[in-house]
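Per-chain numbering from 1; labels A, B, C and D assigned in written order.
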Amino acid sequence: MAEPQPDFLHKIIQRIDLRTGKDAVQARQVVARELKARGVSALRVTRFATAVSEIARNVIVHGGGGHFTVGLNAATSYLDVECRDRGRGIPDIEQAMKDGFTTAGGLGRGLGGAKRLSDRFEIETVPGQGTTVRMSAKI
Amino acid sequence: MAEPQPDFLHKIIQRIDLRTGKDAVQARQVVARELKARGVSALRVTRFATAVSEIARNVIVHGGGGHFTVGLNAATSYLDVECRDRGRGIPDIEQAMKDGFTTAGGLGRGLGGAKRLSDRFEIETVPGQGTTVRMSAKI
Amino acid sequence: MSGVASIHLVENALLVSIQDDVTDTEIIDLQDALSNRIADENVDGVIVDISALEIVDTFVGRVIAQLAGISRLLAAETYVVGMRPAVAVTLVELGMYLPQTRTALSLSHALAQLRRG
Amino acid sequence: MSGVASIHLVENALLVSIQDDVTDTEIIDLQDALSNRIADENVDGVIVDISALEIVDTFVGRVIAQLAGISRLLAAETYVVGMRPAVAVTLVELGMYLPQTRTALSLSHALAQLRRG
């Protein structure tokens, strides 16, 4: 799963602590602003901001809070986002990615949807230790 | 699963590398052309070309690309198609054949559908090593 | 609920405007307020205006579906108005087709449809 | 999107013609263009012409279903026209009934139905 991307988050733009729903809103608004400023189309901005919103909300709802970082991948012209938590992790990733799988009475479409809405998406998780999602949009 | 068909692909007509969606289109167009040239009915042509399209797309989307071969099975008057990749394979074939099973946000109707739309269908897969589908239409 | 969603009576419908930064706790207040007003004011329709929403993720999509579910149980029809094109495309990619709602281009379209019944 | 799908305004509908070799990347552009035009031109209907399609596999079937979903969220009705008989039979065999779409025999049938409202 985790193919290391050497230039991921090469230049950091902003960090946000993810604790409440408002923080997730701020995170995806920052992402939308950065993409718009680089001339990315409304549809692509919306797709990636939605993906980031899903993952940031998961950090808060399932991961007990965590950190969001957005930055540039200079070498490859991607906008990179990392969402990281030290929560319970995801025991079975393949199952969790499936549309409809939820442990919390959600819709269970967030993880799979976020992957489809991103140009790059990777997830690293250790049960009991936490989850890190790295996702990127072409700019 | 894999009952060996001795005369499978007895006489090869064409090979195509499967890398992009356009290659899958070309593969099923070749199949349609060969069946039509042999007087097969429009419905049978459509059914088998659709089956080939599903399997060729799977090679590209899930198998990381591969090879398509179409040929004749002289002894038994079948048009034979083989689609082969060296991708991750399918851990649980029975599950993957089920309508609705998908690991990629697809519809999950491709494998089961392709089997129903073919006159012969067999699948061979080794996790971590790749997948080969052999399918045939009566001519 | 301050600033998050306002509910206004327009003709025989309740207009609910959802703000871009609505949160979980505010949604519960909104559902509460809306359900009471549907019952009290005996309206035929609920019009959910989402023109302020830059995105609709599965959380907000679920909120809209739940508002529609509540309205339907209280015998009001739900219209969603003001959906941005990019939001529609993204919702479909997420597999959220909002089958419980009807959509209209604008408030006046929705009101016209409600008048027709 | 060049050559893959063209979008034309016909009466109060957008006519989308899907070409036989449409690919994944082109689909996103098509969804983008169509969703914007539905919103901008305020049409009642989207007519998806698939007469150029020799086959409809589950990928293309999903594309059609998504176009219909997007249109519905933007308050337009979707008609599929030009489906070959063998394609209809095969779609049913695949278990794809395209419930979100209405089908019409031809463009003029679809337009007539849209006029009736």
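Just so we're on the same page, a residue touches a chain if its C-beta (ideal position, glycine included) is under 8 Å from a C-beta of that chain, and two chains touch if they have at least 3 such contacts.
Everything numeric here is computed off the predicted structure, so don't read it as measured data.
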If I superpose the C-alpha trace of chain C onto chain D, what rotation angle comes out, expressed in steps of 5 degrees from 0 to 180? 80
Report which of A-C and A-D is connected by more C-beta pairs in contact. A-C
Farthest chain from chain C, going by the mean of C-alpha atoms per chain? B
In angstrom, rounded to a whole number, how far apart do the mean CA points of chain C and chain D lie? 27
Report the inter-chain centroid distance for chain A and chain D in whole angstrom, where each centroid is the mean of the CA atoms. 32
The distance between the C-alpha centres of chain A and chain B, rounded to whole Å, is 36
Show the residues in chain D shared as contacts by 2 or more other chains, in ascending order. 31-32, 35
Scan chain B for residues touching two or more other chains and write them down. 105
Connecting every touching chain pair, does the picture come out as line, ring, star, complete or other? other
Pairs of chains, among all present, that meet the touch criterion: A-B, A-C, A-D, B-D, C-D
Touching residues of chain D toward chain A in the complex: what are they? 28, 31-32, 35
Chain A-facing residues of chain C, complex: 20-21, 23-24, 54-59, 61-62, 84-87, 89-90, 93-96
Can you list the residues on chain A that touch chain B in the complex? 94, 97-99, 112-113, 115-116
Please output the residues of chain C touching chain D within their complex, sorted ascending. 80, 83-89, 91-93, 97-98, 103-105, 109
What residues on chain A touch chain C, complex-wise? 20-22, 25, 28-29, 32, 42-43, 45-47, 49-50, 53-54, 57, 99, 106-107, 109-110, 113, 116-117
